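See structure below.
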Amino acid sequence: MQLHQSSWPEVEAYLKRSRGIVIPIGSTEQHGPNGLLGTDAICPEVIAREAGEEAGFLVGPTFNVGSAQHHLGFPGSITLRPSTLIAAVNDWIDSLVRHGFTRIYFLNGHGGNIAPVNSAFAESYSAWSFDGEACPYQLKLENWFTLPGIQDLVKEMFPEGEGSHATPSEVSVTYYACPDAQKSVEMSPKLAPTGPIRDAADYRGRFPDGRIGSDPSQASPEKGARIVKAAKAALIGEVEAFFRA
Amino acid sequence: MQLHQSSWPEVEAYLKRSRGIVIPIGSTEQHGPNGLLGTDAICPEVIAREAGEEAGFLVGPTFNVGSAQHHLGFPGSITLRPSTLIAAVNDWIDSLVRHGFTRIYFLNGHGGNIAPVNSAFAESYSAWSFDGEACPYQLKLENWFTLPGIQDLVKEMFPEGEGSHATPSEVSVTYYACPDAQKSVEMSPKLAPTGPIRDAADYRGRFPDGRIGSDPSQASPEKGARIVKAAKAALIGEVEAFFRA
Amino acid sequence: MQLHQSSWPEVEAYLKRSRGIVIPIGSTEQHGPNGLLGTDAICPEVIAREAGEEAGFLVGPTFNVGSAQHHLGFPGSITLRPSTLIAAVNDWIDSLVRHGFTRIYFLNGHGGNIAPVNSAFAESYSAWSFDGEACPYQLKLENWFTLPGIQDLVKEMFPEGEGSHATPSEVSVTYYACPDAQKSVEMSPKLAPTGPIRDAADYRGRFPDGRIGSDPSQASPEKGARIVKAAKAALIGEVEAFFRA
Amino acid sequence: MQLHQSSWPEVEAYLKRSRGIVIPIGSTEQHGPNGLLGTDAICPEVIAREAGEEAGFLVGPTFNVGSAQHHLGFPGSITLRPSTLIAAVNDWIDSLVRHGFTRIYFLNGHGGNIAPVNSAFAESYSAWSFDGEACPYQLKLENWFTLPGIQDLVKEMFPEGEGSHATPSEVSVTYYACPDAQKSVEMSPKLAPTGPIRDAADYRGRFPDGRIGSDPSQASPEKGARIVKAAKAALIGEVEAFFRA
Amino acid sequence: MQLHQSSWPEVEAYLKRSRGIVIPIGSTEQHGPNGLLGTDAICPEVIAREAGEEAGFLVGPTFNVGSAQHHLGFPGSITLRPSTLIAAVNDWIDSLVRHGFTRIYFLNGHGGNIAPVNSAFAESYSAWSFDGEACPYQLKLENWFTLPGIQDLVKEMFPEGEGSHATPSEVSVTYYACPDAQKSVEMSPKLAPTGPIRDAADYRGRFPDGRIGSDPSQASPEKGARIVKAAKAALIGEVEAFFRA
Amino acid sequence: MQLHQSSWPEVEAYLKRSRGIVIPIGSTEQHGPNGLLGTDAICPEVIAREAGEEAGFLVGPTFNVGSAQHHLGFPGSITLRPSTLIAAVNDWIDSLVRHGFTRIYFLNGHGGNIAPVNSAFAESYSAWSFDGEACPYQLKLENWFTLPGIQDLVKEMFPEGEGSHATPSEVSVTYYACPDAQKSVEMSPKLAPTGPIRDAADYRGRFPDGRIGSDPSQASPEKGARIVKAAKAALIGEVEAFFRA
């Protein structure tokens, strides 16, 4: 069940049987020569949607621009400053809490979001902690790529060249989700370099085509389908446990 | 051409032939008994996408949660505080300007966004105006429903019951975009009441099912198709003029 | 009755018979070769003051610097960033609400304030909408130049050259209010150019002497008196209706 | 010369002979049973205006709502949060600096503004200090009541009952400036109590009619005239020295 | 009793006998050729610690970086923008109030903190003043160097060359607290120049070695011991009176 | 070499041989029945100080209050909201960068700081990434307890009851640093419970005496000395590598 395709009476009815919601959260940032700028938003979106359809939980709209300042050296990347992200995530939380949601699960597609989203959670809890009242809701952030079993599966599928940015696994998921957007691009070197992440100029200097340690030419829709299937099952387990907690 | 389905080299190539981009901006808020919570995001998104495909301009990700505090009385509505929206829109602008975009056209689907987005534009221009340097980019906000010819078409299609919120025209556009999400709901009274917009409690009191002055039971995918076709043509004209300006 | 010339016991007494107040809100910005920098503050101030004296309602201090970044290319213009204006208007609102005012009517003199003041209102209502409590007050923004009948009167008085900035009507009102500040200046061309408003450098390039589409050499105190008289009557009607609402 | 009654070419001409401006800054807050809510804005405004007329310097619009949270227990008082005041004062400074002003002298009428205005100055200087560039402008805050000679004069005029809030000296200045607004009110006790200033509830408890240590029944327009005359002369000396510095 | 060396049950027990706490607040900024960068934090810290040990009151952690933008021209100086300091001080206050502290006494070591800390207090009180509820706590700021008797003592000890920054008295206190950090440096001129404080570049130009009007070569640990002893006694008196108030 | 015990000429001299600095960053929060509220600040402070003395690098003042909203249920805990922490850390960074520091290494003592400090770094880099200029400095966050070899050592020293909050290892380090502050307290159960961290009320409910999974009764100054010795050596290696990078 997708919130943005539901009417308010349908959400009202849903709230009578569940107080939980899943929010896909991603980023709009370069993903190398053959990866989509929307990769980090598309991945959690498709996994959450399929899981929500199968298990009957509600999936909110995708928070599609995250914290990606280090990618600004590559055309098309869009970022929020961390302070803006914290404010925006809190507005989303406050809105959902207003309706009675008590379990808000963010399914994340972007490593750069982890710190600011966790900061946003601490900002949200702070209001209650200063007041001394018990906070009536629980917040959870989980990356789709660290869901139970996914790292093992990916390692098996891509024993070499998974890397850490513009990975064959995430590109596969987007090719599965958007088969018409597949791109065939020569990449050299085959395996991208690795290193630390700082500002945009430093990043572009270290990682000239945007990839970090990866060989995404291995990506395919079929591989994406396999990953999504596994992630969907893992997500359902996690979400159901969280909603019950 | 959609940014989130493009790679960065594709956007880099696009920037060699155009410096303009269209950003759909909407809201996630109740749209009456048979309207989708995502209506105001879906409408500009589908119109911009079809226009972008036809005319070859770039369409960015959809800014899908806007300023909708007055709808918080209805489950599923999500809002940004205006101050958050201003910060977020400025981060999007700053990111795009970083890449060399000089014409940023926001295609809007929600009346409540007009004031804060225009405030965001003034905030963006302020930096240049204080500095005294000429701002290198131009910003434009246009609602899809006030594109040339659309009001006349809609008036012709819905001589009665267009109203101002949860309108048959916008619901039609979403039914065209998401035919599986159509909902058949009895509404009473046929024509919703009208009145001013203030806070959420006041809104829910005045407009018990969320509609304002409208009869969206007239909506259909076919009508949506007709509106989208007209809006697409109008948008192409507007965007091309703006990019040339 | 003017708040800043009243004592607190007088305001306390006023609150026993009325919960409404009018706040003139303007700007400090260039108004062409013969217009005063304070035009947009002086106009609503004089109209509100005369109306308040006649009808007995309370008029607050004038919010005299607004959102005018586009005028910074002309010496003397002062602006608030929109985000600052939103914070300041909310502090004024919160102060007045603290005393029991439930109807706050902003009489505006500057087009550039419309978006940020409406954003400020949405920010103010947001607190209540998130909480779910009914907001105990109502906010209203009205421009003096769009009060009932004013546009028609102005069109009749200045069939040509009213334009949209540094207009003969607003300059007339200030000449009526501050007769000693009249200025006689040759202007060329007689009718100023028109065009869009962006940042300050762009504005100064398009509108070299600050006017937009206007011929304010037609201004006179007598014409100002006639406009103020009409606006005063219109304002009293609007305010009384709003206070009763 | 008053900025808000000048045109931009007049300010442009002024800037060729002087780079200095005086900004009256006050507050809108209760001033006891017979004092005006606008007292702290009216006092610096009238003194600056008369001094500016005599000495030919430019006087900007009055910053008329300051930091007065402790007076919110009395109807009509309006305050900015200190953080808002800091932002607003910085926007005023940035605007004036944009035009080439290099000496900005704030003539203050309210003790509660001293801390936040000085904080605003430090915030303004901080930008330059972090950058390492020399700041091209100087900021100065002076209270009209601490101008050279004023304390002595006031002590002589009101050997008893000057107190520290709603003083006979400031009420006299407003009666001189606004003779029609004089109020005759019995006050008891004759001398108001004294004590510390904290939040609004505490203030109202300690100072039931708003006065602190004062007997403003001694106020008169004639006394106000004498004070204004002395303050005007003192201000001219101070301002001329500052503009030359 | 020092908070950071106590356990929470010990603080819980303390709160049963007292609701007051002392927070040393200083700055990290240049203090001339022989003064420590931590001078303004070390002085109130050592005085508060010794007083707290003697009198049994609780001393919180030291707020060790304050508002010192004007010292940024000298290596090692660290500053908070005033707006940051206001936010941080409010977070400290809110935390302590959460535990039931009702008297929070800031012992200050730096003149530049006075305006922003008082602004922070006004910001803190504002929340209560807008709400209309009585604020349950009292805040107090006192400089160690203006405690009763200290100015006289210092004048006696340093009849010449006390000055106003990098003073022999404060350097003495730090030499007493950190005898190993004493520095012997030739300074010329013996007495540093005096003047106003603005931005960092201006400061470094006026005061080339960082001192203002002082001759800190007179400093010694023995003199520091004498000052601390006097300040400790004065502080105990002040704190006990404040906690009882 | 400690910044707060140095003079500015000493820091100036240091900058000629090194552009790196270490900032201990901690928290003020409950650490169970026998742990100090200052634990998380004291640990990185003592380790950084000893390492700095041995290896000759500069150690800045300790950032002693961090992000600890979840501990507000225990008396004495003090927290910054994450948004405040981000602003404050950026002010520290901007100050140090102003002096020419290009390597800023934060040695952290508190898990709750990781997300907001990393967010602060992203906020800092964002300014450069938006501008497109290469950022001239590098920022690094490392926890003392995850320095190379420390986890292994701790596991060996405390095979049972290390837990994750109020651990015997951190309490040992503070007992080594502040032997007079040792506390002997019965704790029951011996091993504290474990679980997730949310708001303060939830935390106090789950972890009644503040500990998570730990048995800090094993702490001793001797064990602390051993840990500090190992951490000192590890830190020197890390810092030297970072300064060279």
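Per-chain residue numbering starts at 1, and chain names A, B, C, D, E and F are given in the order in which the chains are listed.
Criterion: a residue touches a chain if its C-beta (ideal position, glycine included) is under 8 Å from a C-beta of that chain, and two chains touch if they have at least 3 such contacts.
Quick caveat, the model's predicted, so the values are computed rather than measured.
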Check: Through how few touching steps can chain C be joined to chain F?
Finding: 2
Check: Which other chains touch chain B while also touching chain E?
Finding: A, C, D, F
Next item on the list: State the superposition rotation angle between the two copies chain B and chain D, fitting on C-alpha atoms only and giving a multiple of 5 degrees from 0 to 180.
Entry: 120
Checklist line | Interface with more contacting C-beta pairs, comparing A-C to D-E | finding: D-E
Notebook entry, point to check: Can you give the whole-Å distance between the Cα centres of chain C and chain D?
Noted result: 24
Checklist line | Cα-centroid distance, chain D relative to chain F, in whole angstrom | finding: 47
Next item on the list: Can you tell me which residues of chain D touch two or more of the remaining chains?
Entry: 72, 79, 81, 83, 87, 95, 98, 129-130, 132
Next item on the list: Treating touching as the only link between chains, describe the layout with one word: line, ring, star, complete or other.
Entry: other
Notebook entry, point to check: Okay, what are all the chain pairs that touch?
Noted result: A-B, A-C, A-E, A-F, B-C, B-D, B-F, C-D, C-E, D-E, D-F, E-F
Next item on the list: Please give the residue numbers of chain E that touch chain D in the complex, ascending.
Entry: 67, 69-70, 72-73, 79, 81-83, 86-87, 112, 114-116, 118-120, 122-123, 125-126, 128-130, 132-135, 138-139, 198-202, 205
Next item on the list: Write out the stretch or stretches of chain A touching chain E in their complex.
Entry: 129-130, 132
Next item on the list: Would you tell me which residues of chain C are touching chain E in their complex?
Entry: 94-95, 98
Note to self: List the residues on chain F that touch chain E in their complex, please.
What the structure shows: 3-12, 14-15, 28, 30-38, 41-42, 60-62, 64-65, 72, 74-81, 83-84, 87-88, 91-92, 95-96, 98-100, 178, 180-181, 183, 185, 210
